[in-house]
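For reference, the structures are reproduced in the following blocks.
Here come two complexes built around chain A, the first alongside chain B, the second alongside chain C.
This part shows the complex of A and B:
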C-alpha cells in the first residue's frame, strides 16, 4: 500500500479551455441543418398547418400547450377565529389551573390590606370613641377597580360581524373577517364563462411571475395592491381546448399566490365581467370539479 | 518508509530529535513525534495510532473533485431574521417557540435568541392640569428566529404558516440583519468605555505636545 501511495502523482492541472471546446462540439446551434431553424415561420408550413394567433396574441401550434399564469389573491383573516367548544373548555380549565397555582398580585394584596385597615378602624371606633387616629382617606382597591371599569366601558371594539356579512355582499373585502378570502373572477374562456382565479396567457419575453402580475393589473385594475409570494408557482392545473377551435391542445395554468394589500377590484369588461371574494368552503359552489381538485392542493384553511 | 504521515493523537505538532539508521547512514534531525523511531507510535503518549489519515499535501497533491458545486441548484435567500415583538410576554414566547419549531421542521438552519426589552413609561394627566392621572410602565419584548440557507420556494410556505397562526398582539418583521440591531443586544461595558476615554485624552495631550 505504501508503494502505491509513493507512486501516485498530484493531479495534473487541466489546460484551460478544453472543457468549453468539448462542449462547443455538441452545441446545437452549430450543428443544426439549415432547414431546421425557424421552420414554423415559412409560409408553406404555416398554410399547411393553418396556424393562427389566438385572440390574446400568444402564438401556439396544434400539439402545443398554452402557458397561462393565474393569481390566487388572498385576503388574510383580520381577526382570530372563535374557539370551538372543546378549545373553550380546555382554555377555561387551563385558566383555572393557572389561577390556583399563582401567587397574589399587587391588586389583590392591596384589597387584603384594605380589609385589614377597615377591621382595625372599626375596632378602634368601638373601643375608644373620639380618641382614635383618623387616618387619611385611602384609595381602596375596589375604588380603583370601579374607575378602571368605567374607563373600559368608554371603549367599544369594532363589530366582528360586519355590514357586509349581514347583507351577504360577496363583492366586499370586509366579509368574513375571521376567514381567508380568495378572489374569483368571471372570465370567458372560449365559449363559456367560468368562475376562476384571474388568469391570462404568458406573452413573449416575460417570466411566469411577470405574466401573473400583468394579468392581475389588467383584469382587476391598477389600484389593486398585492404582495406576491416568491417567483415559484404554488399550484398547477391543465385543461384541453375543444378540438374544433384549433388554437392548440390545451392550456397549462400555473397558480401564483399573492396577499391582498389594498384597493377595490374593478373588473376590466373585456376579459372579466364580474368578481367576488369567497371563502374556501364556498369555492365548490362556483368552480368546476377538476379545477377545484387542482386548487385544493394549495388552499388549506387551517 | 514514509516519513510524513498525519496521525490522530494530540501530540502531532510536537517535535522530537531523532536518530535513525537509514541504510548505513545515521540520519538525525528534528521531526514530528509521530514519525520517530517506531512508525505509527507517538513518542510522548505511546499511543499506537493504527489509522493513518492521509499523506501530507506536498507529497501526494490535493484531490479536488471535478463536480464541486460552488452555488446551490435552487437559489437561496441570505440569512433572514424573523423578528417578533409584542407587549404580552406569555403569548410572544409561546409563538416564538412555535415559529422556531416550524422553521426546524421545514429543514432550515435556525438560531433563536431574545433581544433585551425596550420599556416605555406613560403618564396620563387629568384634563387641563399637570396632575398625573395614571402611570403605566409597558415593556416591548422581542424574540428573533434567524434562518439560513432558505431555498427560495420554501420561504413563502414558512411565511404563510406564520401568518395563519399569528396570535393577537404580536408584530412580525422579516428582514436581514442590521448592525444597529446587533449592537443593541450587547450591554455596554462602562469600565471599558471610561478607560478608552482616558486613553484618548492622554493621546490627544501627547499629540499636542509633539506639535509644539
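This part shows the complex of A and C:
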C-alpha cells in the first residue's frame, strides 16, 4: 500500500522495548495525550461544558413568580491592559524582525552621512590643511532627535493609576481604568439588605427593558447616562421569598446589560442605601453564592 | 581675342550663379547669351546673397489683433486651471492597491537604503523559533477561551429568554424585537493613557503672541 502514496514513507520499524517505555511515561504523567492539553482545563471552557450539560431551572406554573428587572451597569475599560510577559517578549521579537527586513529610514541615512562627514573632517585635520570648516552649519541626526525629545517632553499624559486607585475609593468610577467595573447597590429585599445589581419589580404596561430603565433612573438618580444593549435580557436568577412574609412564592430576576456613559450615582434613600463600583474579581466579596452563580455567566472581560 | 574670351567666361559665371547679380562696369559690353546683364536702372543692384533657404520660401507674417491675442492667453489660462481642478478632484481619490507603484523618491534611492543583512547566532534563531511556538500555543488557548465564553453568553441569554417565554408570551415577543436605537451607535476603544480632564486641544500651527507682563 505504501508504494501508492506519494511523499509518504512507511513507518520505521521501532525496536521492541520502546513501546512499553512510552506507555509507562503516559501512565506516570510525564507524557500527555493531546486531549489532555492545558487549554481544555481553562475556566471558561469548563464553565461552558457545565452550562451545556445543565438544564434550565423554571418548571412551575407561570404567574406565581414576581417578574423583576435588574440592570448590570458596566463601565468599560478606559485604558489598555498591560502586556503579559509573553506578549512583551513577542512584541520585542516582532519589532526586531521588522527592523532587520526593513530599508533604512531618512533619519538613519542622515546619521550615516554625519559619520562620513565627521570622518572626512578628522582626516582633513590630520592632514593639516589649515582651512577649518564652519561648524554648526549642518543639522545632525542627533540634533534632530534632541529637538524632538524636547518637544515631546512638553506634553505630559494623564497617569494610568489614578487617585481613586491610590485611595481605593470604591465609589469612584475612575478606579481600575484597565478593567471593566460593575455597579453594585445595597438594597433591602425583605428583611435583609443585600449587595445586588439595581433591581425592581416590573409594573403594568411595561416591557422588561422599560422596567430596567425605570429602575436605574429611580435607584441611581436621573443624571446617570447608560446605553442599554438591546431588548433581550442577558441573564436570569430565581429566588424564593421567605414563606412567613406571604408576599408570593418568589421572584424571577431578568438582567439587562448597559454600558455606563456619564453621571454620578446618587442612591435613592428608600430602596438603595449605598453603592459601589466593583471589578468582577471583587464581586465574590460582596454577593451571595447562588447570586454569583447566575451573574458569572454573562460578566465577561475579553 | 583675350577680351572676347573674358566676355564669354563672364556670361558663364552669371548663368551658373543665377542668384548673384554682378555690377557691370561697362554697360557698353553686352553679351548676347544672357539678358540678366542688362541693367535698366541707374544704380545697379549690389552684390548680396540671401541665407540658405533650402528651397522653402519665407511666409509672410500676418498682423494679429491684440484682442485675439488676449483671447488666446485667457483660453490657455482657463485650460490650465481646469487641469488643476481635475487633479485636485482626482488627487483625493485613492488609487486601487494594484496600481500603486510605491513612492518614486524612495524607489530611486533603494540601493542607498539597503540595510546590511543581520547576522543571527544559532541561539537567537532557536530562541525565536521556540518563542513563536509558545505564542501560537497561547493564541490557540486564548481563542478556545473566547469561543467558550461567547458560547456561554449565548446559552445564558437563550435560557433567560426561555424563562421569559414561559412566564409571558407578550413580554417575550417584546424582548426579541430589534432595538433600532443601537444601529449607528459608535463606541471608542481603550487608549494607552486616560483622557486629560479639561484639556484644550490646539488646532493646527500657531504662534503664541500672548503678552506676558513681569
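By our rule, the second predicted complex is superposed on the first by the 224 of 302 C-alpha atoms of A that agree within 3 Å, B and C clash if a C-alpha of one lies under 4 Å from a C-alpha of the other, contacts with A are read in each partner's own complex, and residues count from 1 in each chain.
Keep this in mind: a residue touches a chain if its C-beta (ideal position, glycine included) is under 8 Å from a C-beta of that chain, and two chains touch if they have at least 3 such contacts.
All of these numbers come straight from a predicted model, not from anything done at the bench.
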Between chain B and chain C, pick out the one touching the greater number of residues of chain A.
C
Once the shared chain is lined up, is A:302 touching chain B (first), chain C (second), both, or neither of them?
both
State whether A:80 touches chain B only (first), chain C only (second), both chains, or neither.
both
By the touch definition at the top of the document, which applies to A:252: first (chain B), second (chain C), both, or neither?
second
What is the contact status of A:234 with respect to chain B (first) and chain C (second): first, second, both, or neither?
both
Taking the contacts chain A makes with chain B in one complex and with chain C in the other, which residues are shared?
76, 80, 229-232, 234, 302
Quick check: in the complex, which residue numbers of chain C touch chain A?
106, 110, 112-115, 117-118, 128, 131, 134-135, 138, 140-141, 144-146, 148-149, 151-153, 155-157, 159-164, 166-168, 171, 174-179, 182, 185, 187, 190-197
In their complex, what parts of chain A are in touch with chain B?
2, 5-6, 8-11, 76, 80, 229-232, 234, 257, 302
Across the complex, what residues on chain A touch chain C?
38-40, 42, 44-45, 47-48, 51-52, 56-58, 62-63, 65, 67, 76-80, 86, 89-90, 93, 97, 100, 102-104, 109, 157-160, 162, 174, 177-178, 207-209, 227-236, 252, 254-255, 259, 297-298, 300, 302
Residue numbers of chain B touching chain A in their complex, please.
1-2, 55, 60-64, 152-153, 155-156, 159-161, 163-165, 167-168
